[in-house]
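To start, the structure under review is shown below, and the notes come after it.
So that you can tell them apart, the chains are marked A, B, C, D and E in the order they are listed, and the count of residues begins at 1 in each.
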Amino acid sequence: MQGVMFIVLALVTLFSALMVITRKDPVSSILYLVLTFFCFAGFYVLLGAQFLAAVQIIVYAGAIAVLFLFVVMMLNLREPEAEEGKELIPIWKPLGYAVGIGVGIVFLSYLASSPGPAIPPLNGGDEIYAMGRADFLGKALFTDFILPFEIAGVLLLAAVLGAVALAKKKRV
Amino acid sequence: MLDLSIVMSMAFLVEKSIVTVFIFIVVLAVVAYATLGERKIAGYLQDRHGPNRAGIGKHKLWGILQPIADGTKFFMKEDIIPDKANKILFVLAPTFTFCAAGFIMAAIPFGDRITIFGREVLLQIADINLGILYILAIGSLGVYGIAMGGWASNNKYSLMGGLRTVSQMISYEIVMGLALVALMIDHGTPALRQIVIQQSGPIWHWSVFSHPLGFLLFYISVFAECSRMPFDLPEAENELVAGYHTEYSSMKFGLFQFGEYTHMTLASCFIATLYFGGWTIPWVAVPENPGLIWGIISFGVLWIKALFFLFVFMWVRWTLPRFRYDQLLYLGWKKLIPLAIFNIFLTAGLILLFQKFGIAG
Amino acid sequence: MFDNLIAGMHVGRILPEIVLVGVVLLAILTDVISPRGKSTGPVRLVSLAGLIGVLVATILKKDDFGQAFGGMVMIDGFTFFFRVVLTFITFIIIYVSEKYIGLAKIRIAEYYLMLLLALFGMMLMVMANDLLILFLGIETMSICLYTLVGMSRHKASSNEGALKYFLLGAFTTGFFVYGIALIYGSTGSTNLTDIMVYFRTVNTAMPVIAWAGVGLILIAFAFKTSLVPFHWWSPDAYEGAPTTITAFMSTAPKAAAFAAFIRVFYVGFGDLSSGLEPVLWWIAVLTMTVGNLIALRQDSVKRMLAFSSITHAGYLVVALLTWEQMGASAILFYLVVYAIMNIGAFLVAIAVNRDESDEKGYSYEDYRGLGFRKPILAFAMMIFMLSLTGIPPTAGFFGKYYIFSAAVKSGFVGLAVIGVLNSAVSVYYYLRVIIMMYLKERDEEKEAPIFWAGEMVSIMFICVVLVIVIGIKPDWLLSIAQASVSGLM
Amino acid sequence: MTPNDFLPVLITFFVVGGFAGITLIATHILGPKRYSKEKHDIYECGLDYIGDSRKPFSVKFYLVAVLFVIFDLEVVFMYPWAVNFRHLGLFGFVSMGIFLVILTVGLLYEWKKGALEWE
Amino acid sequence: MELTLNHYLILSAIIFAIGVTGVLTRRNVLIILMSVELMLNSANMTLIAFSHYLQNIDGMVFVFFTMTVAAAEVGIGLAIVVTMFRNKGTIDVGNFNLLKG
C-alpha cells in the first residue's frame, strides 16, 4: 500500500516540480508549487511526520505560496518572461541544465547502486510512527531545542523589521 | 494466496468509503436546505414570505423543493467563460473553493461509534491525531479558490475583490489559530474525538464555559473566514460589483455559493465540536458499548447543535451592517490578535495556578 | 522540573547575547516612543550604550567557559575573541553612521536595529556548536544584511544589489540545509562534537553521503565568504549597499563566517577536512587571482575595495588550508587587521565621494590632488592603502606575513608564492589611489566638498594609529589570537 | 497511528473533488451555448471596459500579507507548545513568554509605524 | 513493493537538482525563488527520511526551523522584489543592468 502511494506521489511530485521551473506564467508555477507542497505533505505522512505534514501545508501552502500569489496579483504580473537577457548567475544557460542534471545523476548513481536499508526499520511496530506527533515534537522542542526556539523568535522579529523597512510606503 | 492484512485493509477502505459518502450526502442535504433557510430567514426578518412556491404540482409545501429547482437552474444555464479569462484557472477556482470547504469534513467527529452488522463503525471519516491542525491546514487553502477566481477573470473588480478577500482571510486566520491554541492548552491534544469525550459529563464541561473569550474570538474569525456578513466586503456590491465572482455564472457560480454554504455548515459542526461538547449530551455518560441507537442519537445531537450555529450565521447576516475595509483590518490586527494573545496567557496562567494548588483544571 | 532544566543549561554563559536581545527590544521601544522622524538619534544612543553593555557582559563572563544548552553552543576563548571583535566593529559602524545616513537618505531607525540584529546573528555563528544554531545565526544575519543592502530604496543599484544578494543567499541556504541533512543522515546528529566523535571513532556506513554533505556545506560557506567561483553576489551587493554597510559587510560578517568556517571544518569535520585539500587549494588560488584581476579594471574605489575583499578572502583560505593552530591564529590576526584598515579606507571613501545620490560615484578621479588639498585625509588613505597592499611597517604586512609563513611551514610553498605574487599585482590598484592623490595635479573646478563628520574623523584617526601600532608591534595581537584558538584544537 | 489511518482523508479528497468535477462537466454538457461578443466580454457595469486590468495595485496589501506569514509561524510554534503545556509547566510558560514578548514588540512596532493602517 | 531509505533520498536528490536547474536557468525572480523553495523542501524531506530511519527526532525539529527560516526569507525577499518593481517596473533578472558582477 505504502509502496504504491509512494510511486504515485513521486510521479506527481516530479511532474509538478518540473512544471514549476518550466512554466512561463508565474501563476501556473505557483499553483504547481502548491501541488508539490501537497505531495511533500503526503511523503511526510508516509514517514510518520504527521505534525510536520500539517505544518507543511499551513506554512508552505497556506502562507508562503499565498505570499507569492499575492505579490503576483498585486503587481499584476501577466507578462511572460522575456526571451532575452542574462540569468542570475551569468553562465551559459545549457551549463545550468548540465549542472542540474549532473547533480541529479551523481546522487542517483550512488544511491541507486545499493538497495539501501528498509524504511521504516523492519523491527518496529506502530510506535515508530509516534515520533512525528505534535506532543512528541513539542517535548523535544521545548526541552533540548529551547535555545533555537527563542532564536527563531528573534529571527522572525528581524523579518518583521526588515519587511516594514523595505516595503512601507512612507517612512516615519 | 490472499493475505489476511490486505483483506482487513480492504474492509477498512470499504467501510470508510461508505461512511464518507454517507456523511457527504448528509452535508450536501443540509447545505442545500441552508440556502433555502437563508432566504426564509431573510424573509421573516424583513417581514415577507421568502420562496414558497416550488412544490409538487398544486401543493406548494412552503417551497421545500426550492433547492432542487435552484440546482436544476444552475445546471441548465449557459456555461460562460469570458474571452479574456485564463480558461483553466477560471474553471479551477470554484472547484477549489468547494473542495477546500468540503475537505474539512474528514476530521470532524459526526458521532460516536455505531454497531452495524456486527462491525463497529466510527461516525468520523478519519480519527487522526491532527484533528484541529488538519482543519486549520485545509482552512488555510480556502484563499486559493478566491485568489484564482479574482486573477483568472481578468477583470479589475474581480482582482480587487480577490485581493481584499485574501488579505481579510489571512488576517483572521491568525486570530483563529491563536484562539485554538488556548483550547489546545486546556485539552492537551489536537485530536477532535478526544476533545469531544473530554467535554462529556455535566454541561459546564463544555469548553465554551472555560473559554468564553476564546470562543468569541473563534466565532468572529469563522465569520470572516466564510466571508459572511458583517465581513462580506469581498463582494461589497456597491463598491466592487460582485468581487471575485463578478464574471462567474452558471454552475461555476453555483459552486462558489455552494462552497460558501458548505464552509459555513462544516464550520458550525466544528464550533459545536470544539466548544459545545460535539456529539455528547450533557449529563449523559458515553456508553462503553454503543449500539445503533446511540450512534444515531449522537449523530443527531451534533447536527442539532450545528444547525443552531448555522441559524446564527443567517440571523447575523440580515441584522448587522457591513464593515468598512479599514475597520476590518483594524479590528483584526489591533483588537483581536492582542486579545487572543492575552487569552492564551490567561488560560496558561490559570492552568499553572490550578496545577500549583492541586485543583484539577 | 523548572530548576533542573534551567540549571543544566548554563544560561549565564550566553549573557552577552541575552543582553543584546534586550538592547534590540529597548531600541525598538525607543523608536516607537520617539517623535516621528526624530528617532534615529535616541535609537543610536541606546544602541551604543547597549553595545557597551554587551562588551561588559562578555568580559564579565570571560572565565565562564564551556558548553551551554546541552552542547548547542560552545563558549570558549575563540568565541570570546570574536564576540569582542564583532561587537567593536558594530559599535564603530553605528558610531560613525548618524550623519552619513542623512546624506544617503536612509535616516530611519531600522538601520540601527538591523545592525544590532545582524550582530546577534553573528554572535550565534561564532558560538554555534550545532549546525542548527549555525544555520539560524547565518539566516538571522543574512536577513538583516539583505535589508541593509536594499535600504536605499530610491536607488536602482541598491534594489538590484539587494535582490541579487538575496537570491544567491537563498540559493546558498538550499545547499546548506541539504548538506546538513546529509551530514545528519550519515552521523545521526547535527552537533559538531558528536559529528567529530562519530567521524573519528566510527567508520561511517555512508561515506558518499557524508562526503556529499561536507561538499555542499563547503559550497555554502564559499558563497557566504564570497570565494571564487561563488563570488557573483558580493561586488554588486557591496556597491549597492550604503557605504557604511559595505564597510560593515566586508568586515564583520566575513569575520563571523570565517569563524564558523574554522569551527565547522576544524572541529566538526576534523579528519575529513584534510581530504578537501585539493579543492580548497584551487579555491584559494582562484579567489586570490580572479578577485585581483577584476579589481584591476574598476574605475570606482568602492568597487575596487569590494573586489579586493574577495582577494583578501583568498588569503584567508590559504591560512585555513594549513589545518593547524598557526593558520587559524593567522586568520584571526588578519581578520582584525583587515577590519581596521578596511573600515578606515571606506570612511575616507565616504568623505571624498562627490555625490551620494549618484548611482555610480566613488570615482578615482575624486582623489585627484587630494594630497595637496587635504593632506591629513590623504595621509590616512595612504596608510590604509599601503596596509591593504601589505607593505611594512603597516599592520597589513604582518597579516600577510603570518599567513604565508604558516602556509610555507605546512608545506604549501606554491600557494604562498602565488599569494605573494597576487599581493604584488594588488600594488597596482592600491597605489593607483596614492598616485592620484600625490602625483596628479588638482583640478579645482571639478572638486567636490569633503563630507566631514566628527565621529568619522575620530574613528579614522584611531584606525590609522592602530594600523601603524600593530605594524610596528604585532606580537600582542598575535598572542591574543593564538590564545583564542588554543582551546579549539 | 500509522500512515494507513490517513487513507480516509484521501477518500474524502476523491469524493468531494469528484462531486465538484462531475457537476462542472454536467453543466458544460447540459447548458446551452450561444456565443456573443458582449456576453463574453469583461463586465464593467454595462459600459465598455476601460483599459485592462493589467495595472499594478498599490503595495499596501503587501505588508498585511508578510505580517501574516510571520505571525502564522508564531502560531505554528505554539501548537506543539500548547499540546504539551500541562507537561511543561512553568518552564514552558516562561519560554513561550519570552518568545511572545519578542514578537509582541514586533507587533507594537508595526502598529506604531503604521504598517497596520490603511493608507 | 518495499520502500527503502534510498527511495526517499533519490527522490529528494532529483527534486533538489530540479530546483538548482530552475535557479540557474530562469530569469523571473519569483520562479527563481520558487526553485529555491523546491530545494529547501527536498532538503526537508531528506531530513525527515533520515529522522524516521534513525528514529531520532532531531531531524524533524530541524525541519521545523527550516520552515521558519524559509518563511522569513521569502517575506524579506518579496519585499525587495516589490521595492524593485516600484522603482523599475520589472522583476526580470535579465533586466539587471547597473551591476555586472
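As a working rule, a contact is a pair of C-beta atoms (placed from the backbone, for glycine too) under 8 Å apart; a residue touches a chain by one contact, two chains touch by 3 or more.
For clarity, every value in this text was computed on a predicted model and none was experimentally measured.
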TODO: State which chains count as neighbours of chain B and simultaneously of chain D.
DONE: A
Task: Best-connected chain pair, where connection means C-beta pairs in contact - done: A-E
Task: Chain of greatest Cα-centre distance to chain C - done: B
Open item on the list: Between chain C and chain D, what distance separates the C-alpha centroids? Give it in angstrom.
Closed with: 40
Task: Geometric centre distance via CA averages, chain B-chain A, whole Å - done: 28
- [ ] Go ahead and note the Å separation of the Cα centroids belonging to chain A and chain E.
- [x] 6
Open item on the list: Based only on mean CA positions, could you tell me how far chain B sits from chain E in angstrom?
Closed with: 33
TODO: Please set out, as single numbers or ranges, the residues of chain B touching at least two other chains.
DONE: 9, 128-129, 133-134, 140, 159, 163, 166-167, 170, 173, 188-190
TODO: Could you tell me which residues belong to chain A and also touch two or more other chains?
DONE: 1-2, 46, 48, 50-51, 55, 58-59, 62-64, 66-67, 70-76, 88-90, 107, 133-135, 137, 141, 144-146, 148, 152, 154-159, 161-164, 166-167, 172
- [ ] Please list all residues of chain C that touch 2 or more other chains.
- [x] 5, 21, 28, 132, 136, 139, 143, 146-147, 150, 153, 164, 167, 209, 232
Task: Pairs of chains, among all present, that meet the touch criterion - done: A-B, A-C, A-D, A-E, B-D, C-D, C-E, D-E
- [ ] In the complex, go through chain E and note every residue touching chain D.
- [x] 67-68, 71-72, 74-75, 78-79, 82, 85-86
Task: Residue ranges of chain A touching chain D (in the complex, touch as defined) - done: 1-2, 5, 45-46, 48, 50-51, 55, 58-59, 62-64, 66-67, 70-71, 73-76, 78, 126, 129-130, 133-135, 137-139, 141-142, 146, 149-150, 152-154, 156-157, 159-161, 163-164, 167-170, 172
Open item on the list: Could you list, by residue number, the parts of chain C that touch chain D in their complex?
Closed with: 1-2, 5-6, 21, 25, 28-29, 31-32
Open item on the list: So in the complex, the part of chain B that touches chain A is made up of which residues?
Closed with: 9, 86, 89, 92, 128-130, 133-134, 136-138, 140-141, 143-144, 147-148, 150-151, 159, 162-163, 166-167, 170, 173, 188-190
Open item on the list: For a test of understanding, state which residues of chain E touch chain A in their complex under the given definition.
Closed with: 1-11, 13-28, 30-35, 37-38, 41, 44-45, 48-49, 51-53, 55, 57-58, 60-61, 63-65, 67-76, 78-83, 85, 91-96, 101
